[in-house]
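The letters A, B, C, D and E name the chains in turn, as written, and every chain counts its residues from 1.
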């Protein structure tokens, strides 16, 4: 039983990590209808930029490596880089493609993926780096001792970060002008335009916010597995979360992430051995697919009736 | 500058059309490299070391007996189709064509396996590729040198035996095999099963789906099974994730034994402090304090001709592995020139003879400044593998420390498996094995 | 400019419905076929045949398969490579396990196997659409590759999981030389392209396009959604499957499941987007573009920057150019190369007039 | 007029249709006779389109029965309705945008085409003969609706009025017994409307097709309809010959009450 | 003699059209005789099919009571089945009476009364409606047969028959009388009247010109041998069937040579159909060539600068040497190369777009064609030639032989035609192709044929040193100015009409002191010009009154004046004053004939007030005019017309040749 709980908790906490990446997708899809495959590359780019600045800043500014100043300065600079990337993407890629079919935009973001990967590695090199957020990835001792359930401190921390991020976003959408405009845009582009909401500004903001989310996700994933190219693969973990939760729903991304995380771990542990294991690659997709067959609009997606 | 670019561009396009010019006293070596994509970090180190060594030979010795080495990189992105394209592109370059093909990817190795025999270009696959190709009677053109996956698995088990104080102590032990769920990872199954049967331990195979950045459930399984050792048969991001997860699960890192594709700085640094104590096999060692690396620093980096953007990585595991590739290639050229004439560029066929008669004994290694850097290597017509020995290194939190001497593999067992497999292949393909007694 | 259409009138519907209604197009087409079918194998070198032309043809076929599904029937798929894998391994196993299995029959059976798997993974399309479906097809991508790795039966218990394609023998002739392999590939691809063209210009294709353009209206005039969509999945997978088999038998010679990864699926998707969604010719143009572009960059970029900057820089720069060019192409011509060609052709037909 | 109005062909009894909690149609009964031009009018949101969607199986009413040619009809899919000879056009043009006019109209013949995809792939013998045979039929429709000059034009490039005509052609190509037209003249100028009226009457006259028509233009409706049914807020408020309906006080109220 | 026309012995027996038709059906049964664009493709009818259909229709007509010598009115666009009806009528020894399909009912009523029509074969509902409208005044009319049944379902008049019904009757009739048709064909004589064509009637009421089989066959044979036409040729038949040119080219010559007649889908699609068919043998009035060129130039204006430059460069090359190359004269190698390039890049595509790639022989006639225009077509390699003829001569008097093209002549007398000039310059012709008589008008017949058997054409002209005939004007239109100088209005008008901005001109000057002109601008060309200048205008009337337009026209007129000044005969005919009419001259208003020739006297009467104003020296004049629209409604248009002066030039001696 402990083992089951441990698997479940571990899965839920991984799910939070997936949700973190999925969040970036949802934001952009909601605002501009773009299925941004480059989100994974953005995560990589953000993390690499952050680590890169952390490496070079001490040299440039004569600061002590690993100090808090360097950390926050690198964070700030990486955030700025993400804003620049987001705004540039909106300006150079999306604006010329406005009104094109969704698949074209989707393809453009795959092109963007290559571009961002290339830029990231060209600027910071292909070296694999560690990232230390100062939280050790170890089981919480008393849980381990008393219940024999291993729950990683780091995973809890990540969950906390994700929760605060979601709360922050919720506040942003609920109480700021931009947030309200964004919700209007998400509902209906044309209507939003007609009441004078500047679409492009909204898109820029959203891409910047998505960039911020990517940065946070990148730092957490980077701290977990190292900052390296494989961070781009986090996108693949986020996709089934998206189909499950719906492309347009922030709560969907969170709950979808939890479901996927928990179920894939349980499946790997309890089903995997019977089929030779390694089923985590496809299991979430199959699960999401099976779910969609029952509810085609996803967990929180809006039901759509074709009017003729 | 502009004119030069135009000229180069023209040359490049001419190159695309398959024609190339090179003077006769240059030996061309085509390098199918990967510097982008998921494995770029390993690729940049390996190809950096390799190129630096060839540069060293050119700079310090003026080439091999006066024959300068030239090379061209071709980006494969670790992708089979592009690897094939690179193979075809490179094979006609240079005055004598590409003289050796070393794909540094098992997938590409298989993709060009038939082609190299047709084109008469030796293929050297050091520490990867098709294991049974070590039987040179069936695979005259393929050289899975130094050690194969099977030898490695066997050496790892031998290392465990050493640790336990004798092979008989392995009986009843549990050994976890955490493998990359791919053809590469599955290469470990057959030999481990054989060894388990022989030594009486239990193998618990646990697959990690590509790319391997999530291993929570695998490590929970490991924790449940409580194995004595875990062999990490990983690749790419799977390695640091595994090390971290081991730490998270509380599995002692000293008992986590990586294969040589899991035992580089690229695998430990991202794992941070968790990697301390992690042990990995290697057919080459890390470290910049070998004479050969020192020479590179002096003659190549001293003249600012080094290939590595990050000089700190000179002497890293992948870098040194590249140097080993360089040494073997250059020594084969040297050997072949002895037979076919010094100071002349060699054809692939001549190179093949060079590889087949390669003998890097201790004296030669010493001369090269590579004593202890790599195991002594003797290739014969029948045995294209060589020693099959590995050293074990341990990560001390900042660098790799060698903790064993060369550990032997279970040669009879491995060789038996190789010959069995090669014979099956020969039968399937209708190949009549060479009679090595007739080879000179 | 060189179109002289005056006097090319159609006196029957059969003439009117030809694939190339314009005589100059027909002539051009046959000249092209002769060049590709005869001149190329006679005069081309091994590098071009093995490393460029054969893969372009094979990827064209895969792109054609995806184009049938995505371009004509409107069902976005990200799993084409997996269906290629099914084809490749199916062909291998048919050849391996059935004595005297003729190669062409194995090819067809491989296609059929792939089609069957395609139908299975096409079932969700009845309920879900668009990106949801696209992501769902990823399930096929990951599951199939996983299954092929996981069950050693597929690779005949090969220790490495890599299988070597058997020799290709048709009527006693063994296709060994690059020329022979090229010609065989060319003939198969050309034939299948013809079949595809025929399908899309007849009722089958109209059904696909109707479902793509407006599924409710399609139903109202009597098309059955399920049958139409599943047929598209089946045919598409058949094409991908045959492409996969050819990939194994006339191109690489060996197969490993990882070769057919998501990256390849994306590449195939790129091919149809760059080439032209809903265009047979676009599949070929796109495949040529996507295969050739990196090779061209590989040759050109080092020549431009190679001596100035490091090798890693060059490789990354190529990646950037590749990504950038794709975005550029999508912006300049979202309907792909086929549309560019169409526009050029219109211009030529109207020459010297602008409209 | 030469044509004879025949027996009841579609009989709808007590139809009610809801979407979630919204009532689109409430207890509506009316019938359509063979060969007649039957109009459905009513303000926006009165449920007219829903009515057509019920007839051809796009929507399934929660209550009520439909008799088709005297037999009780089971719940059926749109393609089954098509197989029974019910064709329709849509309020918002539902042409297949990626296809030419000719191909669009050819889709109307699909139910009559028997070859399978393998025969199509070979395009030899039966498949080719079938294509040609149906092409001839389609060409007749093209001639009938006078759209010869746009035959090979992609429908997306056509002006609105012509698109409507092509849609009619597509429906006609199916040689339907019953043709449901959802606002065929919406958004047209007077001349286009006249043309469309002529075509509708010609169709009714030439092929004897029963026509069920939704139209806003009262002039047109009163001119060409044999009988008119009036809906308001999903309820039937009038039914009968044009003159009868015109003088129905409830209808007058409904129409005066709205901006139509 | 080409074998397509059979041996000489055959020729003797092939002396009526029905016999020719039957001969083709035997000789080349499966060659295409006719094509018609219908249902999206070119429906093709072989000679055998045509012969069968003709027999069937003939049988049906006979069953309906059609007798030898009866006249069958034929009205409609160029439809194969109407051509068949003509042939069927001839089989029975009847006389087809061809009528213009765009004539209003009243015009038709006159012809049908005059020709005492009992049977009519018409195209469609539109023509049937006209027949029903005038039927009250035509007691003789017994049967109206229509080709296209569309919209006629509810017409229940018993005398209306679908052509299909007639064909059925014919089939039944053939069952009862198996060799009836053959016997009827045998009864035919070459001297029988084969067709009646009504003259357009620039003056007075139309007259029915009766042409015998032998006359038309002679004209057709002459033309076919002259241009070596064979059964491999293709012609697009789109000009009115009632016009003598169409009857000669599309009917008579086709039956003689056995080539294929192609009927366009509709009037609107002629250009497209022309392009599809790509005829080898082409006929069009100058107006069509002019319009085509105008369109080409307008479309080229929108082309990119490079293309425009290329176009103009090669058109210059063509101007320099194209016509010579076509005529087989020697041209320098450089020019030849340039011309070859031009052919590749410009002329070839241009001809292709115009549908003239395959044209081997093209003719123009009916009005004078501008020399520049004429030369231009020839220079890009289209063998465009002029011919001269009248309805009364089967449109067959003079033809331009290949290789001897003079821009301002109509060529040399055609085979078997004698041409001579009367003392007043009037052209007289004699030959086998002359009319038999004007129907029921012995007076007119006598008036037009002189004692020696010469037909008086009414045109004035002269032979040049090479024996090529030049036409100046209608003999009766040639007048004199009060100063004594010759006034040939057509000559001046044609010169003006060659400007792309001018569509129509009417000149006045007979018995006046000087020459004045009414001008119609070309709405398309001037409209385009105005758009490029950024001028705003609302329709023709507004545009015509713009001062800039007047300036534009004045320049044209002054150019013509300068040209006229160099001709000693014509120097006095320079235009001193002009105005731009507020409406386009229109056949519906009776200002033009159906062949779009100006009815000079009618115009002079109608606009007398304007003429007075021109000669009274006024600078403007108010005018109100009735305008009739196509649908028969009419409206009044009024305007204050500006009258402008143009510069004239002193006479100049002609430059030494």
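Convention: a residue touches a chain if its C-beta (ideal position, glycine included) is under 8 Å from a C-beta of that chain, and two chains touch if they have at least 3 such contacts.
Computed from a predicted structure; not experimentally measured.
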item: Central chain of the complex, centres being mean CA coordinates; value: C
item: Label of the chain whose CA centroid is most distant from the centroid of chain E; value: B
item: Mean-CA-position distance for chain D and chain A (Å); value: 49
item: Chain A and chain C: spacing of chain centres that average the CA atoms, whole Å; value: 33
item: Inter-centroid spacing, chain E versus chain B (mean Cα positions, whole Å); value: 89
item: Residues within chain C bordering two or more other chains; value: 12-13, 16, 146, 149-150, 216-217, 220, 312-313, 316, 318-319
item: Chain A residues counted as touching two or more neighbouring chains; value: 117-118, 121, 125-126, 276, 278-279, 281-282, 308
item: Two or more partner chains touched - positions in chain E; value: 40
item: Sites on chain C touched by chain E in the complex; value: 1, 3-13, 15-16, 350-355
item: In the complex with chain B, residue positions of chain C that touch it; value: 45-48, 50-52, 55, 146, 149-150, 152, 155, 159-162, 164, 251-254, 256-259, 263, 294-296, 298-300, 302-304, 306, 310-316, 318-319
item: Parts of chain D lying in touch with chain E, wherever the complex brings them together; value: 2, 102, 135-136, 139-140, 142-143, 148-149, 151, 205-206
item: Footprint of chain C on chain D - complex, ascending; value: 56, 58, 77-79, 81-83, 87-88, 90, 94-99, 103, 106-111, 113, 115, 117, 120-123, 127-128, 130-132, 135-136, 170-171, 174
item: Complex contacts: residues of chain B adjacent to chain A; value: 35-41, 43-44, 181, 205-214, 216-218, 220-221, 223-224, 236-237, 240-241, 244, 247-250, 265-267, 269-274, 309-310, 313
